[in-house]
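Each of the two complexes below includes chain A, the first together with chain B, the second together with chain C.
The block that comes next holds the complex of A and B.
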């Protein structure tokens, strides 16, 4: 009996493992923390090459696109002012947007969270007996795992953006906001396409052949789909127009052909006017892909009118909160909502460049992800993400809206470091707190408390310098300190020599220098 | 003009000769240098790790020590950034201390910035034979906009040739506690930085921050490379 139970348990574990790896190979990395996923990515030479090539390409493109502008700083400032104004009056602009959409015959749905948004889309499909939906690339639907919800309800979602289709076939999540499949090699894509089409694809098939396969395969789905689902890059409040920026034309196909178009937008994506849209659009395409304008900018205002030859019969806009109003209420994090999802901060981030998108363990990677994910999903679930930055500031510089990501990362670190106190008592210089489970950093906390206290006293600082010098002496080998076996210093000496404390620090040398001045 | 030197804890403990050279250069251009003896650390390590209360404690100490100085100069871009940009924020809820912080912040300069922007001096009469490359320390560069100042100073050094590396403004991976919290990522960033340095073929890297020096020099030594990393002041003091 016992044996049976044990083997039954083993079987179940094995079974679920197989199931997971079949449908979502990335799931297995879920159990790892950020540091381990990062280590794995760094060891993956192929990924390192792909990341460096893609990042260099994006960074270079953006630099050229901004260099040709007369006054890029002024444009960025204008964009930021628009976002700040919009978010300060978000309720009014969303109400206006909803009114405008309805005026043009569209329907508006408000979704408080992911579950509600998914339920709305699933219901729309179920009521109409729809079994197949085509999708244009959308981070909002990735955020709520809409595909999963549709599949569970018996609706097959087919991604039609080439990159998104590739990762859907692979059962993965996007690794970059703009280039979701940039971690995939041609060989991997060939294997995925062969499996998806059930036809052999030559191992040396050139890229144009691969895109042709995708077009042929996806065309059938466009024609058969009962529903088109898209994201929203911007929604213009004054006219109720939904704007979708793409380079492949799949966005136009997916939203124009099926009888019903459902657009899912993060509530912060509203812009007041068309003039505002022009400013943000300019910033978006230049920042994202280095283009003056993308190949397609779809501006969709309501469903097909009676006198129009094509377009969907129904248009539905799902406006998603999912944590956004919480962020809006926190003044020090509000500007995280200014983000227009261009991905420029990912491209310049030296950490993202090394670890790639999947290491972040959530839909939004890179510096903006390290801020948004803990805000949307809870810092206790993602305590490591705010530390995934050397605070070099490249993200803030590259951001077309100049979002102060480093400052927000430090603010999140502060919340994470200080935890939520449940019980507080002080003894001497230390104050002890019983902290909520989110806080695992008590050793560090004690060290920083000691450091902050001791270094107020120059005597202790100088004593520390002396002690440091004597403690270090036995570690010196041939004038170097190649290894210190105590954390956190061992982390340092893993990749670099430790510097030697001077026998005579500057503060001891000063009196001699001072004499020099007198002479 | 009297200038108070804030040496920064890292330079004080690990690179005291940088302080000596800064004093030498400032005196060479005719300034009087003081060294407030009670200075310790600006508090940046605690601040960057999220321990703002501890950072505030050290910020108050710094302000008390330097409040009477008419001008404060430091050979560290990140400490200058901390004092100039972060101190006023640290005391957002404390108007009295915030006013004091702002007053000190307004008189604090990074060394190369002080020479070029304030004193308008680009030639300090230095001589240094060899090819060098310059690494933009992140805080000096993006925090204080210091890009041209160190390069102008270097271009006036006799015998020195500046060879730019690819993307000199990419972080070396130091990031304070980041370097020990996520050593693998920090190490991978360092690898890339060192590759870019090696590609220039020079044997000297110049920068303006003790943190970057520690990190790049430590990495080079562990890899058995002979390239040296020097603070800008060390080159400018060379006659």
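The block that comes next holds the complex of A and C.
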């Protein structure tokens, strides 16, 4: 049995929890459970409209982009083979990557966790007296809350992707991997931009005007910044090249204008060769936005060469573990690291499409977030996320790498169920609040345990069927049970009916049939 | 500034310690997976150079088909594709574009492909300020002056090191006459490209990138390859496609088709 390892995460989780509460008052929703956050999101009509529009837009684009490929299945298979091979040899390819970066005059930093990664970036800024850093969109830096770390060290980070800038101004977190601000309306953006620029923005300003305001405002920051921070979509081991994909062009500026470029990557983002890169790039942009390729793909190898007129004087690559090696060591979850962060699984997920990204309470939302977050940060911290899925399998179908997300969600559920004893008195005494939020799950657990136990004894099972039939009688209406007033059953009947327990159980009918045949 | 002390200087993790964690994890995981063969053999620069001429010859032969594909793909994302049959036509087209967009300041990356087109003189005659980026000893002062010019320019004119038909993409290698932000800062980017630069696929591109830019000891001679496909765009506000976010709002590719004759 592959035991789920949580002990190693405990400190890290505590640390990030503190960060959250200290720096981000907007995240008070974090204290609610998934169900409450989801309920809140579903009641938000504005959000529902935005989600429906955005999701259809992304899904439609992806379908068209894949339909024109000669053999999409073969391409996806090739992509998966590359990821599987790379992860199985991750140590070798990371070593090669580091060597290649250094060969081109770049610096490589290794960070075991968020705190180490933040310290490295903050230290680089501090040593050079840098007060302003421009950032191009990066999930890895979201994962480690780099902006908070920079701010508390007196460095102002400015997000330059339009969507990221909007949510930075709003003090929020991204609600989608690809469209971080898709939950924001034009009116909200107008208010945020007026506040940020200190100039009035007409209440009917069209979207191109808003984009121009962002362009002008952020252009000043690009030119003034002492440091450019980017994520890494892929890092090519054979040449030490980091690849940054953008549509707006902010990636070109953030990596090309400031005197120092710091790229932060999850350790799993390495690809062996340029040939492999092209396969994955094709899958990434088609899956993410339905584009054959994004407007700009920057392949950056080390700092500016002496004969080049621009580009940074220094290039630093921060390679982040932050739970990845733990996942790598668990065979059944390793493929979660194959993810190339395209967001396709979010767009097709019936749960994400209704609740949006913030309901997950984690940096990575949607099906991949429901797997990665408990793996990276601890299942004890995010026990509900693996349950935030209908297991319909749409995510696996949409995934360009065919990552088996439903299977991993079930495995996580299993671990979570097995890891909890039916009654834990210490738990009970120490933390009533925790118990009360998971009360319903606790009752479920007891019921399933009883059910499983009763199934072992035919006598008990038959008795149960009989008792069940009599107990349900006051609730039956027209052959269905439309409402049960007691949890956890009430949760089910809130939206669905229970089927009635049959007057004559199957085993009785079966034996009667057999008797009939015999006769 | 007192808060800086939140982050005391600490010894950084060594490569070995980090990789050891990965190695241990891989040992813990499924052994069968580590036997996974790599899909496709890596191509060395030497291999690439052996095949480079064949790839180039194939690309030239495929030019008419490739151009059609290139134009279709680039036009689909809002780029403009033109073909000119003489240097004179190229100059006139460029001047028309500049006039239509009220260009006051143009920056030209002195790609060798552009050398005989007389673009600078034509632009200057039309009263447009021209910044020519040519190889130089890029001292901090000269670099700063160039940056100021590039920020002011409305129009960036460049060549392209490669173009890929499959997606309608230009590939620009940063180099002594091609600053990587020169084609990003102005609001219009016009690239004049010779037919032999057009490659049918990304497979061809990776091979030539390795053949042309990667030394036998795996040193890449450019710090940045930028793939450009159409104008800068965003859909971040209400999923409404908006052209011209941070980069150029207009992007033109002018094919110098007479060059192949």
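Points to keep in mind about this one:
Please note the rule applied: the second predicted complex is superposed on the first by the 426 of 519 C-alpha atoms of A that agree within 3 Å, B and C clash if a C-alpha of one lies under 4 Å from a C-alpha of the other, contacts with A are read in each partner's own complex, and residues count from 1 in each chain.
Simple rule for what comes next: a residue touches a chain if its C-beta (ideal position, glycine included) is under 8 Å from a C-beta of that chain, and two chains touch if they have at least 3 such contacts.
The shown structure was predicted, so the numbers you read here are calculated from the model rather than taken from an experiment.
Within the superposed three-chain model, A:42 lies in touch with chain B and out of touch with chain C [touch as defined at top]. More residues of chain A lie in contact with C than with the other chain of the pair chain B and chain C.
Of the two partner chains placed by the overlay, only chain B lies in contact with A:509; chain C stays clear of it. Residue contacts after overlaying the shared chain place A:452 against chain B, while chain C stays out of touching range. In the superposition on chain A, contact of A:416 is made with chain B only, not with chain C. By the document's definition of touching, of the two partners only chain B reaches A:495; chain C does not. Judged by the touch definition given at the top, the superposed model places A:388 against chain B, while chain C stays out of reach.
Interface residues of chain A, counted against chain B in their complex, comprise 34-35, 38-39, 42, 350-351, 353-355, 386-394, 396-397, 407, 410, 412-418, 444-445, 448-449, 451-453, 455-458, 461, 465, 468, 480, 482, 487-489, 491-502, 504-507, 509-510, 513-514, 517.
On the chain C side of its complex with chain A, the touching residues are 1, 3-4, 6-7, 9-10, 12-15, 17-19, 21-26, 28-30, 33-40, 42-43, 73, 77, 133, 135-136, 138, 142-143, 146-147, 151, 166-169, 174-177, 179-182, 184-185, 202-203, 205-206, 209-210, 214, 218-240, 242-248. Residues 7, 9, 11-16, 18-20, 23, 27, 32-33, 35, 37-41, 43, 45-55, 57-58, 60-61, 89, 138-139, 141-143, 169-171, 173-190, 192, 214-215, 217-219, 221-222 of chain B touch chain A in their complex.
Taken in their complex, chain A has these residues touching chain C: 50, 53-54, 57, 78, 81-82, 84-85, 87-91, 94-95, 98, 100, 103-104, 108-112, 116, 118-120, 122-123, 126, 149, 152-154, 160-163, 166, 179-182, 184-186, 189, 207-208, 210-212, 214-215, 218-219, 222-223, 238-239, 241, 247-250, 252-253, 255-257, 267, 272-278, 281-282, 289, 291-311, 319, 321, 325-326, 328-331, 334.
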